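Labels run A, B, C and D following the written order; every chain starts at residue 1.
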Amino acid sequence: MRRVAITHVAQSNGGESRESLMDFTYQVNKEVLDKAGLKREEVGCIISGAADIFHSGLSCANAFDWDGIGAFLKEGSRAEESAFSFIYGCMRIMSGRYDTVLVNALVKGSENPDNDPITSFYGDPFYLRPVGINESVVAAMQMRQYMDRYRITEEQCAGVAVKNLGNALFNPYAHIKKRVSLKDVMDSERVYDPLKALECAPKSDGVVAVLIASEGKAKKLTDKPVWLSGYGCSMDHFIPGDRDLLDGQLKEAARRAYAMAGIRDPRKKIDVAEVCEPYAFQELLWCEQLGFCGEGEGGKMIDSGMTEMGGVLPVNPSGGVLATNPYPARGLYRIVEAALQIKGQAGEHQVGKKVKTALAHSTHGFGGQCHSVIILSA
Amino acid sequence: MGKAVAIIGTGQTKHGRRSDVCYPDLVREAVTAALEDAGITLKDIDGVVLGTMPSMMEGVSSTHFYFAEAMGALRKPVMKVETCGSTGQSIGHCGFYWVASGMADIVLVVGSEKMSEGDGQATMTTVFDPFFQRTFAAGAPGVFTMQSMEWMYRFNIPEEKGREAAAMISVSNHDNAMDNPHAHIRMRVTMDDVKNARIITYPVRLLDVCPASDGACAVIFASQEKARRICRKPAWIKGLGFRGEEFFYGESDKAIWMSATQAAREAYAQAGIRNPLKELDVAEVYNPFTYQEMIFYECFGFCPRGEAPDYVLKNTFKKNGQLPCCPSGGTLCTNPIGATGLIRLAEAALQVTGKAGARQIDGAKLALSHAMGGVDQFNAVTIVGSKL
Amino acid sequence: MAKEYRTIRNDVALPYQWALGKTWAKFFDGLKEEKILGTKCSQCGKVFVPARTFCPECFIDMAEWVEVKPEGKVLTWTLVRAKYYGQVKEPPYIVATIQLEGTDCGFHHFIGGIDLADFKKARQKLKRGAKVKAVWSVEKKAEIYDISQFVPIK
Amino acid sequence: MTREEHRIVKGQVMVPYELALGRTWSNFYDYLKEEKIMGKKCRKCERVLVPPRSFCPRCFEDMDEWVEVSQEGVVETWVYVNMPFFAQEIKIPFISAQIRLDRSDSGFIHQIAGIDLSDFDRVRETVKLGGRVKAVWSKEKKGNILDIAYFEPVK
């Protein structure tokens, strides 16, 4: 299998953009090409990540996006979720047919309705949609079970929001920049009891672009390539009631990624993780399933400080999805942040320890119906 | 140039108005058929790729969730790939690259659409931008008519000649569909029927236009080693290309259509094809509109620019012609959009493996399949062959 | 969503006619007769509600229909206070996952009949495993709302 | 099988969006208010695009030079639309056309009107491929594409 490396990355600044989606998209893609010193003609192919109409008001999202991603008369494609796009881009290089791929993802959350109405359209029109199922509703039901089964406290869950929003203060690309206390989180409105408003991710604008390359090409383009070493993905049942919400497919996705990367003890081997936590408690649950702590020990884990910026396994030094949630692009954001940590280019939110191996995770669907895990290494 | 990849099984639903089943059950029908065709079970599948047209077509978002079990993806890695009307080809390309990357041995690719559940033309209108062009949009027929008119004007094709050739394409596609048990529209039509059919957008008439179909298609891709072990007669992927033009209609020249031309050129280069008219044995061209099919012939190098009507009138692309096009009856008789490009690929694979039944072109060894998407924006081509 | 920069309002509204298919049509017909119907897998033996054409685990057709009791235990729930565009119901309301007796999956529906003013008490009532039963709508249309909601069994 | 057996559930999906125009397109509409059709010119390939772009999709460079293009142009293609569908904005029949405005390098999509549209055969005598048309302005400008009311054939 050919090796694939991330050579250059670029992200939009986190705030709401006044530009049209097309121009917003162009600026970041132009930036990453400029950084790499490449013209768009020199890139092998382009894979974008964008969800269509529900996240843009435009059907066939890639049609409108095509110009801004620099794809005029180029080979390319689009995947609906940006972690898929990244992996698809890697596949193109592994196949031996391309040496460089520009992978990008984009959305302007500020133009769309809230995530709750949008995710309610994941549901079938006969059963799940009419009984009010959306991602937040299922997350809240998942959280109640999590606390109930493992005696996790609401405060421990809220602690994730405190930690991640705190980290975001040091990330120039984060959307929400606000220091919050445990009390702030606990006192915020119980929008989906037991979920509180500050435990739910915002809606953000975001364009992110990544240049990936084959081994030979990567070494020419950068002296700090970040290698893809593991990938795993797994899909769960559609109807949340058909599964145990606390025993989903993340374990399987992680198992696959660790096997590919040759990782036996993720807790020791992973130096930093960017975990997709649209709801605060999910970071704890996902960390358990990623093997960062034992089953039901997510609460203890956050209390120990292990996942803080200076901890032994920092989780979401970027502030995570709780700080920045450009929905279909957030998976690629995790990958970019993990790559920046390995490159040592995360700036003020660079973790204290030396980062050799980083994990990026992405999930979407009710209660984490689909998970992708990507392992990057120096 | 990477690993060789083959198609080892295909499955299609009966296409048409399928209000007898809910959407996931329709998808499962195609998946089950493909597994049976390949003689494998879901256990053998390493990953699943899904594609449908825009969510608005069926009013359910991110259908890989809804179809998780129906498409056989439970506890498996998935990909959701979409590029408008060219989705069916693009998911095939994704299946190819997944296997070619070495990360999977067998990948199931599923495309589907249930157009009877939504409003196809209104959905197409939401592909246009709301800033400038949507106001003047008239669904797919409006665009394809504009393109066809521009093409005829550019190459001085007399209206009557264009009409005659387009009618012949309609007649031969409808004839071909009679041999295809999966086809949606199965009826014979005459030249007069086509020429006197109701006007949709002049000069395009009802029988120049594809139907809105419900249907799904599944295609199974395998690595060289697996294909050799499992399948007696695999269809090998020889070349693939995808190209897109600017978003705004009117910026690129649609009479020349660079995306179609270059997507084919890329696929030919990979497949080592120099003279497509001679070397290809059959072509499954994505032809939602008769006139447009002729533009594709020119873009794909089947004939010189502006001469497609002459070639059509010489029976070049009929079932017994030099390069039979759409022996399945094509998109003109079956169009579940998200599945359509994959159906073209499946039909091409059936042809080169001698499994196309009554629609088989004798001795077909090399076949082109194609799909087009967006507002005339995207084109994708995949070439399959009987030999590696 | 008033913005200080120039925008174009773009409402996407489209009509649909979704096919139910035989299995779900029969399930909803059952609701109309105040029966909750599930299907049982001949391979894994699990009973799923709503009924399924095929077993989501085993990928084989499910032919055996079973009527299940309109009663079950609460697996989990949430009280929705958030308001959002196109919401199915005026908040506050409770959405729950209920395991109906004799089934092997959770069933999603509303829970009512609880005084939300005293939320602590409401939480007590809805502890894990709390028993609830279906309340039928007076007017039935063979749809999921034929069950108007579930309420705690005293 | 009867329709009764094939049960369908009717419903609607309605989602509101508010899309930013951005600087370039906002300016374009401001110019329309002044009855000017402005495009942008690429320094590299020198093409003038209408609607304007902030970047050239081919050269992938910023486009910063505004150019006023002619209000007259050539009909590159057109279609007579006389079929209704959901959420259509203009009343049928109407003519959708691609017009190459003089001094621009892209087709501009708008409508042709100002003539009797009821009889298609007569329309065909007036509207011709390669024929010339000119913009007719709306009296009241709303900052949208219909500030140009339509294009009409030049006599």
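The rule is short, and it goes like this: a residue touches a chain if its C-beta (ideal position, glycine included) is under 8 Å from a C-beta of that chain, and two chains touch if they have at least 3 such contacts.
Please read all numbers here as calculations on a predicted model, not as lab measurements.
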Study note, to complete from the structure: A correct list of chains touching both chain B and chain D reads A, C
Practice item. Determine, using the mean of C-alpha atoms as each chain's centre, which chain is farthest from chain C. Key: D
Exercise for review: Please work out the Cα centroid separation of chain B and chain C, and write it as a whole number of Å.
Suggested key: 39
Check your understanding: At what distance in angstrom does the C-alpha mean of chain C lie from that of chain A?
Key -> 30
Practice item. Would you kindly tell me how far, in whole Å, the mean C-alpha position of chain D lies from that of chain C? Key: 47
**Study point:** Residues within chain C bordering two or more other chains
**Key:** 5, 7-8, 10, 12, 14-22, 24, 28, 56, 85-86, 143
Exercise for review: At least two other chains touched by the same residue of chain D: list those residues.
Suggested key: 5-6, 8-9, 11, 13, 15-21, 25, 57-58, 86-87
Point to revise | Touching two or more other chains - residues of chain B | key: 19-20, 22, 56, 59, 69, 74, 117, 119, 122-123, 126, 130-131, 246-247
Check your understanding: Considering the complex alone, what residue numbers of chain A touch chain B?
Key -> 1, 20, 22, 51-54, 57-64, 66-67, 71-81, 84, 87-88, 90-92, 94-97, 118-119, 121-126, 231-238, 249, 252-253, 256, 364-366, 369-370
Check your understanding: Can you list the chain D residues touching chain C in their complex?
Key -> 5-21, 26, 29, 86-87, 143-144
Revision key, fill the gap. Per the touch rule above, chain B residues touching chain A in the complex are 1-3, 22, 47-48, 53-57, 59-62, 64-69, 73-84, 90, 93-94, 97-98, 100-103, 123-124, 126-127, 129-131, 241-247, 258-259, 262, 266, 373-375, 377-378
Practice item. Sort out for me which residues of chain B touch chain D in the complex. Key: 19-20, 56, 59, 117, 119, 121-122, 125, 130-139, 141-142, 145-147, 149-150, 153, 199-202, 246-251
Review point. Tell me, which parts of chain D touch chain B in their complex?
Key: 1, 5-6, 8, 11, 13, 19, 21, 25, 49, 51, 57-58, 76-83, 85-90, 94, 96-98, 106-111, 120, 129-130, 145-146
